Each structure stands twice: as C-alpha cells, then as structure tokens.
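Some notes on the structure that comes next.
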Amino acid sequence: MVTVEFLGPIGKAPLQMEAATLAEVAAKLKEDEALVSWLQKCAVALNDTMVNDLNTPLKEGDRISILPPVCGG
Amino acid sequence: MVTVEFLGPIGKAPLQMEAATLAEVAAKLKEDEALVSWLQKCAVALNDTMVNDLNTPLKEGDRISILPPVCGG
Amino acid sequence: MELYNGPLDVKEIFGRWLDEEAESNYGAYIPFVGTIRAEDGIDALSFDIYEPVLKAWFDAWQERAKERGAVVKMAHAIGDVPVHTSSYISAVFSPKRRVALELIDEFVEDFKANAPIWKYDVRNGERIYAEDRSTPMDGAGLLA
Amino acid sequence: MELYNGPLDVKEIFGRWLDEEAESNYGAYIPFVGTIRAEDGIDALSFDIYEPVLKAWFDAWQERAKERGAVVKMAHAIGDVPVHTSSYISAVFSPKRRVALELIDEFVEDFKANAPIWKYDVRNGERIYAEDRSTPMDGAGLLA
C-alpha cells in the first residue's frame, strides 16, 4: 500500500492504494473526475522529494504528495 | 571670472580664470602638467549640473567642478 | 529557514540576520521584504506551507549560494497575514554586490515558481484559493 | 537622501524606511546594505562626497522610479567607516516584485558608476585614494 496526499487547496483526504509505479497511481486517481483538472497542473513528490518520471517504482509505505499551483511571498 | 574646483582626491585649491567656454577652461588647465592625467578621467559639472559639451558658454561667476573617478558604496 | 504563524516581525528578522553575519566579511546584504497589499477588497492573505518540500528546496538553494560564496536566508508566514503586514522575507549575503544582486533575483523568482506555498484571499472571513495568481511547479502535469 | 558622518546605523535606517512606507501599499521593499570588508590589511574605508551633484543624481533617480510607480531611498557615510560596519544603504519600494528587483540592480549599479563619491583605504592612519577600484563618471575626459 502507498498513501496519496493532496496538499493545499485541493482539500481532499489522503487515499491508500496498491500501486507499483506512479503510472498506476495516475490511472487510479483519474477515476475521480474531480481530480482530473487538478492533475494537469499538479506536481508530485515521493516521500518529500520532487519526482518527474511516471515509471518511478513504488514500495510499501511510500507517500506520494500532490502539489497544486503555488504562490508564496 | 569663473572658478574651477577640484573634487575628492585631486587635492588642489580652486582656481579663478577668465574663460568664455569650457574649451577655454580646458586649454588653461592643460598648462598644468600635473592636471593632464587627471583631466583624461575626470567628468565636469557646471554650477552643479553635469555637462558634456566643450562649447558650453560660461558667464561671470560660474563654478566648474572637476570630478575624478568615483567609487561609492 | 524560519516559519511563523501570522505576520513577520520584519525589523527583528532583518536585524538578527545582520547580526548573525556581522563578522562573516560579506560586503553586500540584500533582503527582499514582501508585504500584503490592500487590493480587491481583501482583509488579509493566508498561506499553507508544505514544510518538508520547502526545506528541501531551501537546502538546495543554500548549496547553490555556497558555490558562489554567498548565503541565503528565508522567513515566511503560515496562516493569515493582514493587509500592510509582511508575509515573506528572503535575503542574500555575499562578498561582492554583483553576485548578491543576481542571486536575490534568481532566489525570489524561483521561490515564487517552486516553493510549496499556497495563497488564499481572505474576504469577510472566507478563505479563497488565489488560483489565478498561482503557478504550476516545475514538472506539473506528471499524473495527468 | 541621508548623509552621515561615520558608519550607518543600519537597523535604525532600515526600520525607519519600513515605517515611512508602512501605509503606502508597496508589496516589495528591497534594501541593499553595503558593509566594509576586511581585506588588504585596511582598518577602514573613508569617503568624500560632493553633495550638490549627488543630490541631483538622486533626484533624477527619484523621478525615474516614480515613473515606474516606485520609490528609491539612499543613505551614505562621509569620512571613516571601520571594517565590518556599513557605509551605504539604498532601497527600492514598489507595488510589485519585478519592478523592485530590476530597479535595485539598476539603481545600485548606476550609483557605483555615477554617484560623486570618492573612496580611500585607511591603513595605519593614512588615507589612500582607491584609484584602481574607481570608475570615471559618464562624460569623463571632456577637458582632456
């Protein structure tokens, strides 16, 4: 199981799912229509490190963060 | 009569002279060999306004300032 | 990196950073102070921060600054920050002015683009995500 | 524009400028603080200033900043400024960060090139013109 958490304004409780890669996470998240428009503009962190590769392998207990558009300052 | 003053590190007392233009001031200053190397790198103000034209006409009482290379901050 | 609940004490932070580097022999110190503007009828802005990723972002910048002989510092507010108070201070110290002027620009711009901080307008007690002013982070869209 | 005999009280100046613009609705405040570095065995740097031309230079900058919706401020030391104390602070306030970041760079660089200020190294009580670090002003050589 991995955990997917939704940061800032997304306002959605964390999900737990079985997934071997980020591509599998993507497929599962897209089943929720409300998330599709967020996913287009969100970046992704794996265990608090930003990631850029859908083939990134996942292991038990991994934590995936979904980061919507930012505006600090 | 106009007055020529030498600012900062030049360390020279002001001069008074008759001159109708800045070109005439330049000619008189160049008679002093010690000034020649300064003049190459000095900018000029007339009554505290920076000037760039040798033909600038002068009038009685004008004050010409010779400004050597700067380094504020 | 310093995070505070509510507005920053700008003078305290500026002065303390100055003191921290008083003997470090840096010739240039450039802080950037961000203050909440009164506009569009807002009472305040409000901020969420994801601290672990912000810390990683800041640590990477600290390394980048070090390679150029410089130091960066940063403070940000969490939660509500009323109009005309400050939410953000960053700063660069470096031996020479050119590096400091270039770094503060790069540091502040990358902060705006990639620091994991979310901004909300606060109007009549309501907190509304400032979506139109927000920027997708580098790598956004990976899961789309 | 503020001129002081000896080192600047950096915290006082920073804080006072902050207070002066507290209600002006500027979103960005960027000061640049210049501090005397210990190098080449100097005890201090020392400065001569020609105030009338500096004032004209500063007033022209104030106008330029105004056209971009911004404000510039400046303080400089006259006479001796010991190592690790500050001789120079300039600052930009503007509604938005981009203008502030660009203006502080232009303002500080033009200051270095054209503010009528002369710098001397102070070593063992002797005051030596920092000729090698000095720049001829725009229009230099007119009388050569």
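First chain written, first letter: the chains are A, B, C and D, and each begins at residue 1.
The criterion applied here is as follows: a residue touches a chain if its C-beta (ideal position, glycine included) is under 8 Å from a C-beta of that chain, and two chains touch if they have at least 3 such contacts.
None of the values given here were measured: they were computed from a predicted structure.
Asker: Chains shared as neighbours by chain A and chain C?
Answerer: Per touch definition, common to chain A and chain C: zero chains.
Asker: Between chain B and chain D, which partner chains are common?
Answerer: Expected: no chain.
Asker: Centroid from C-alpha atoms only, then distance chain B to chain C, rounded to Å. What do you get?
Answerer: Computed from C-alpha means, the inter-chain centre distance equals 49 Å.
Asker: CA centre of chain C versus CA centre of chain D: separation in Å?
Answerer: 25
Asker: As a quick test, compute the distance in whole Å between the mean CA positions of chain A and chain B.
Answerer: 71
Asker: Give me the residues of chain B that touch two or more other chains.
Answerer: In chain B, 73 touch at least two other chains.
Asker: Could you pull out the residues of chain D that touch at least 2 other chains?
Answerer: Correct list: 34, 97, 108, 112.
Asker: On the basis of the stated criterion, which chains touch which? Give every pair.
Answerer: The list of touching pairs comes to A-C, B-D, C-D.
Asker: Give the list of chain C residues in touch with chain D in this complex.
Answerer: Those residues of chain C that touch chain D are 10-11, 14-15, 18, 22-23, 25-39, 84, 95, 97, 100-101, 104-105, 108-109, 112.
Asker: Write out the stretch or stretches of chain B touching chain D in their complex.
Answerer: Contact set of chain B toward chain D: 7-9, 22, 25-26, 29-30, 36, 39-45, 48-52, 54, 65-73.
Asker: Mind listing the chain C positions that touch chain A in their complex?
Answerer: Of all residues in chain C, those touching chain A are 34, 47-50, 52-53, 56, 76, 87-88, 108, 111-120, 129-131, 133-144.
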